[in-house]
Amino acid sequence: MDRARTELLIVAIARLLEGCRTVAVGASSPIPGSAALLARAKSKGALRVLMLGSRRHNAFTDGGRELFDSAAQGRIDAFFLGGGQIDGQANINLVGIGEPPRWQQRFPGSFGSAYLYFLVPRVILFREEHTPRVLVPKVDFISSPGTSVPEVYRPGGPHALVTGRCIFSFDKERCRFSLASIHPGETADSVRAQTGFDYDEGATVLQTMAPEPGNLELLRGRVADEVAETYPRFAASLLGRKAA
Amino acid sequence: MDRARTELLIVAIARLLEGCRTVAVGASSPIPGSAALLARAKSKGALRVLMLGSRRHNAFTDGGRELFDSAAQGRIDAFFLGGGQIDGQANINLVGIGEPPRWQQRFPGSFGSAYLYFLVPRVILFREEHTPRVLVPKVDFISSPGTSVPEVYRPGGPHALVTGRCIFSFDKERCRFSLASIHPGETADSVRAQTGFDYDEGATVLQTMAPEPGNLELLRGRVADEVAETYPRFAASLLGRKAA
Amino acid sequence: MSAMEILSLDTLAARVTPGSLLAIPPDYSGVSMAATRALVARGVKDLRVLCVPTSGVQIDILIGAGLVAELEAAAVTLGELGLAPRFTAAIKAGSLAMRDTTCPAVHAALQASEKGVPFLPLRGLIGSDILAQRGDWKLADNPFATADDPIVFLPAIQPDVALFHVTRADRDGNVWIGRRRELATMAHAAKRSLVTAEEIVDFSLLDDETTAAGVLPGLYVEAVAEAPRGAWPLGLQDLYPADDAELARYAEAARTEAGFRAWLDGFLGRRSAA
Amino acid sequence: MSAMEILSLDTLAARVTPGSLLAIPPDYSGVSMAATRALVARGVKDLRVLCVPTSGVQIDILIGAGLVAELEAAAVTLGELGLAPRFTAAIKAGSLAMRDTTCPAVHAALQASEKGVPFLPLRGLIGSDILAQRGDWKLADNPFATADDPIVFLPAIQPDVALFHVTRADRDGNVWIGRRRELATMAHAAKRSLVTAEEIVDFSLLDDETTAAGVLPGLYVEAVAEAPRGAWPLGLQDLYPADDAELARYAEAARTEAGFRAWLDGFLGRRSAA
C-alpha cells in the first residue's frame, strides 16, 4: 500500500472514533493504532488510547486480563478486529480455512475476539485486503459472531468494516453491511466485484472523504512521532517520518 | 496474664505447628504470632510465616484477597481463629450474643473465618479466656461451623483449642473435643467446671509441657526481637524484651 | 464521562450523593479520612457502605454522624482499642441495617464486577449463619462435579463510588497504591473512583517501570483531590504511622453520644486548619 | 514440599516431567528461552502446553522439536514475521491436538484455580465455534437472572508447572515481574512454578516498598535458576530488546523441517557458550 492510501485509511478510521472516550488497540495494528493516536490528537487529549505494544500509551498494570476486564466494565468504547475471513453477517474467522482439525490453511487463532466483539460498543473491523477470498458469503469457522440473539448479553458489536477499497457500515437490526463510501480509484461495481458477500448500497455512492490538511499535518508530525514508539518501521516508511 | 503463662502458651502453640511449611497469622494476634515465629526459628527457616500487620513477615503482593486465595490453593498449612463463643462441636461465633439484628452483645464480625476454617488443614483455635461464658454448649451464631457433612468440600478444620487453662484436641470423626493437657495450676475438675461444653477426658490427665530452656532462650531473644516489629508493647511487657 | 478532574476536597466529596453504595478500604490500606470529614460536614444521608472487607474508625465516624443507612462488612473494630463504639450503639438502637459477610466473599463479589460477570462461586461458607442470613447468596451445585458438591454463588457487588486515599496522584489520574491491590479491585469494580492524595505530581507515575506495577491507572479514577495527611489519624503506608494517641482519644470519647459529638466537633474544626 | 531451591538450569528443566501440563507466557512477557533450550536438549515428551494466552517462537520450537502432544492457545504467531511455521506444519500433519480458546477464557480459567473454585462464568463466547468445539465448557443460565440469560461456565485450569523468566530473583524465591501480572496469575494457579532469572540477588526484593508491588512472592516459586540473557532471542522488559535479526532467521529457517533442525542445532549449541 502506498503512503496516500495509508493516510486516507488512518484519517477515515480516526473519524469513526469521534466521540469515544477510550480506544484500545491490539497488537500488530499500525494503521488502527495511528488512527487512534490521530483521534486522540484531534480530541486534545480527551480521548484515551490503550495500545498494546506501546509503553507510553499503555496504562494497564493488572496483567494480560486487564484489557478484557476493563472492556467488561464498559470502560473501552472502541476496539479493532480483523479476520482471515469476514462474512456478510460480520462473523469473523481468525482460525482457519477448510475444516478442523487439519485445515486447508491455519491462521494464528482467535485472540480475544470471541469476547471483545461482544463487549466493546464500537468494534471497527479492519482488513486491507478486499477480495472474495477474504470477504466471503460465510466464514468457515466463527471465531466470533457478528450478531447475537436478543437474550445474549451483548452491549458490543461491529460498527464498520474498513478495507483497502471502501468503508461499510453495519446495521445490527438487519444484520447486513451497507456501503458507506468508496476510496479513490474504486467504483461501486469494482467494490462489488471484489466482495464475496451481498450488502446494501444507496442510490448514490459516496467517496471516502480525502484527509483534511489539518489532519494530515497532525498525522505526519506529532502522530507519526507517537506511532514510531511502537511501529518505527511503519512510521518511517508509510508515514514518511524522519528519525529524530 | 503473666509472663510465665504467656511463654507457656507460645511454646505450646509452637509445638502444634511442627511439620508445617507455611503458617499464616491474622491481625491482632500477638501470642499466635509469637508462636509462629518461634516455630520458624526452631525450623531454621524452613517454616514460612505470613503475619498480617508485619512488614518483614508479610510476603503478600496481591492485596487483601491473597491470603484467602493462597489458602484455597492449599499453600497455607496452619491458621489461628478465636471466638466470642466456641462450642463443643468447634463451631465459632464472632458476631454476637443474643439474637440478630439487635444482639445482646455485638462482636466485630466473622472476618475470614467462614472461609479459612474450611480450607486451612490445621486451624488452631485460641482464646485465653476459659469460662462457661466463652466455651458454651451451643453458639448463638455460627460464624463458621466446626465440621461439615461429607459432601461439602472441606480440606480444613479445627486441630486444637488452646485456652488459658488447657489444650483440647479435636476429633473430626466424633465431632468432639478431648482434653489433651492442662496448664500448671489447673486440675481436670477445675477445667471442667469452667467449660460450658462436654468433652472427652482420658484416665490420666497430662500436664502441658513446660517450655524447654532452649525454646525459652529463642523466644526471649531472637523471637522477641522479631515480634517487636509488629507488637512492640507485647514484646516489651510480656516477652520482657528490652528496646534496642 | 469526561476526562479525569482535579478537584477541591469539598467538590470531590460532593460527588458522593445520598443513597450511594460507597466502598471503603480497611484501616491499614489507605483510608481517606479527609474526605470522611468533608462527607460529615456535608451531611450526606442514607449511605450504603461496603467495607472492603473491614473498617474501623472511618465507618464508626460515618455511623455516629448518622450518614449510614446500610452496612456490609466482615468486621467493624478498632483493633487493639476494642469494639467500634458508634457501630455497636447503632446496632443496639436498631438504626443500622447490617449485613454480615466474610472477607473473601467481599473480594470475590468485587472481582465478579471487575470481570463483568453476574456472580462468582466461592468455597467455604456452607453451614454458617452468615449464609443462612444472606438471602442474596445462592447455595448451588458445582455444575462440573459428578458427585454431590454444594458450593455458594455470590452475586457481583458494584459500588457506586470507591473512595480512598493514596500517597501520590499524577495529572492523568494515575495513583500509587503499591501492594494495596484491594484498592485496585475496588476501583475496577466501582462505577466511579474518587481519590484523595498526599500530593499531586507533575510527571507520570507510569514513566518509571520499576514502580509502575504499584500504580492504579487513571482509566479508573474519576477525580482526585489533594489532601496532605489525608489519612490522619490513621497512618499511610510508609509515609506516616497512625496517631495512636488520637485514636485512643476517639475510642474513649465515642463510648458516649456526647463524647462522640465533642470529638467530632474537634475533627471537623481541623478542616480549615488542615 | 520443601523450601525454595536454587538450581542449575538443567536441574530446573528436569523438573518438567513428560506429560506435564505446562503454562507459558506470551512472547512479550518473560519467556524462559534458556529453559526451553534445556527442555529440548533433554527431549521431554508429551507435554501439554497452555499458552497464557498466546505464544510465538517458544511454542514453535517446542512443537518443532516434537515435545508437544496437546496445545491450548488463543493464538500462535510470530507477529510481524508471520505464521509460526512448525505449529502450522504440525497442524497440517495432524501431529498436534489443538484446542482453540480466546484470551480472556485462559485468564478466567487460571483465576478459577487461583481462587480454588471449580469454574468461572464468562461473558461473550456464545455463538462462536470455539465454544461449539469445547466439550469442556458449559453453556448455562445465569442463576441470578429473572429473564433468560445464557452465560458460559469455564472449568478451572491448574497447570502442573508454570515456567517463565524474570529479571531478578532473590534467595527466598521472590521474583520481580513488574507489570507482567499474568505471570502472577499463572504462578498462583499452577501447582509448581519454575523460574529462570537474569540474576539472583542477595537482598530481599520485598525490602523496598516502592518496588515490592512488582514482586511475585517466593510462596509460589518452587525453584529458581540463574540464566543471563535467558529470554534471548526474545526481549526482556526494559533490560534488552528482542533480537529481531535472529527471530527473522528463525522464521525463515523454520519454514522447512531441515531448516528448523539446522537452526535448532545452533540454538542448542549456545548452551555451553551461554
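The first chain written gets the first letter, and so on, giving A, B, C and D; residue counts start at 1 in each chain.
By our rule, a contact is a pair of C-beta atoms (placed from the backbone, for glycine too) under 8 Å apart; a residue touches a chain by one contact, two chains touch by 3 or more.
Everything quoted here is computed from the prediction, not taken from an experiment.
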item: Neighbouring chains common to chain A and chain C, by label; value: D
item: Greatest separation from chain B - chain, by CA centre; value: A
item: Centre-of-Cα separation between chain D and chain A, whole angstrom; value: 29
item: Separation of chain A from chain B, taking each centre as the mean of its C-alpha atoms, in whole Å; value: 59
item: Averaged-CA centre spacing for the pair chain D and chain B, given as whole angstrom; value: 40
item: Where chain B touches two or more other chains at once, by residue number; value: 60-62, 69, 72, 119
item: Sequence positions of chain D contacting 2 or more other chains; value: 108, 111, 115-117, 122-123, 149, 151, 179, 181, 184, 209, 212-214
item: Chain contact topology (line, ring, star, complete or other); value: other
item: Each pair of chains that touches, named by its two labels; value: A-C, A-D, B-C, B-D, C-D
item: Complex contact set, residues of chain C against chain D; value: 108, 111, 115-123, 138, 140, 142-145, 149, 151, 153, 155, 177-179, 181, 209-214, 237-238
item: Touch list for chain A against partner chain C, complex; value: 21-22, 45-46, 48, 50, 55, 59-62, 69-75, 119
item: Of chain D, residues touching chain A in the complex; value: 26, 28-29, 52-54, 73-77, 79-80, 83-84, 87-88, 91-92, 94, 97-98, 100-105, 107-108, 111, 122-133, 147-151, 179-185
item: Parts of chain A lying in touch with chain D, wherever the complex brings them together; value: 27-28, 53, 60-65, 68-69, 72, 94-95, 100-103, 106-119, 141-145, 148-149, 151-153
item: Contact set on chain D toward chain B in their complex; value: 1-3, 113-117, 172, 174, 184, 188-189, 206, 209, 212-220
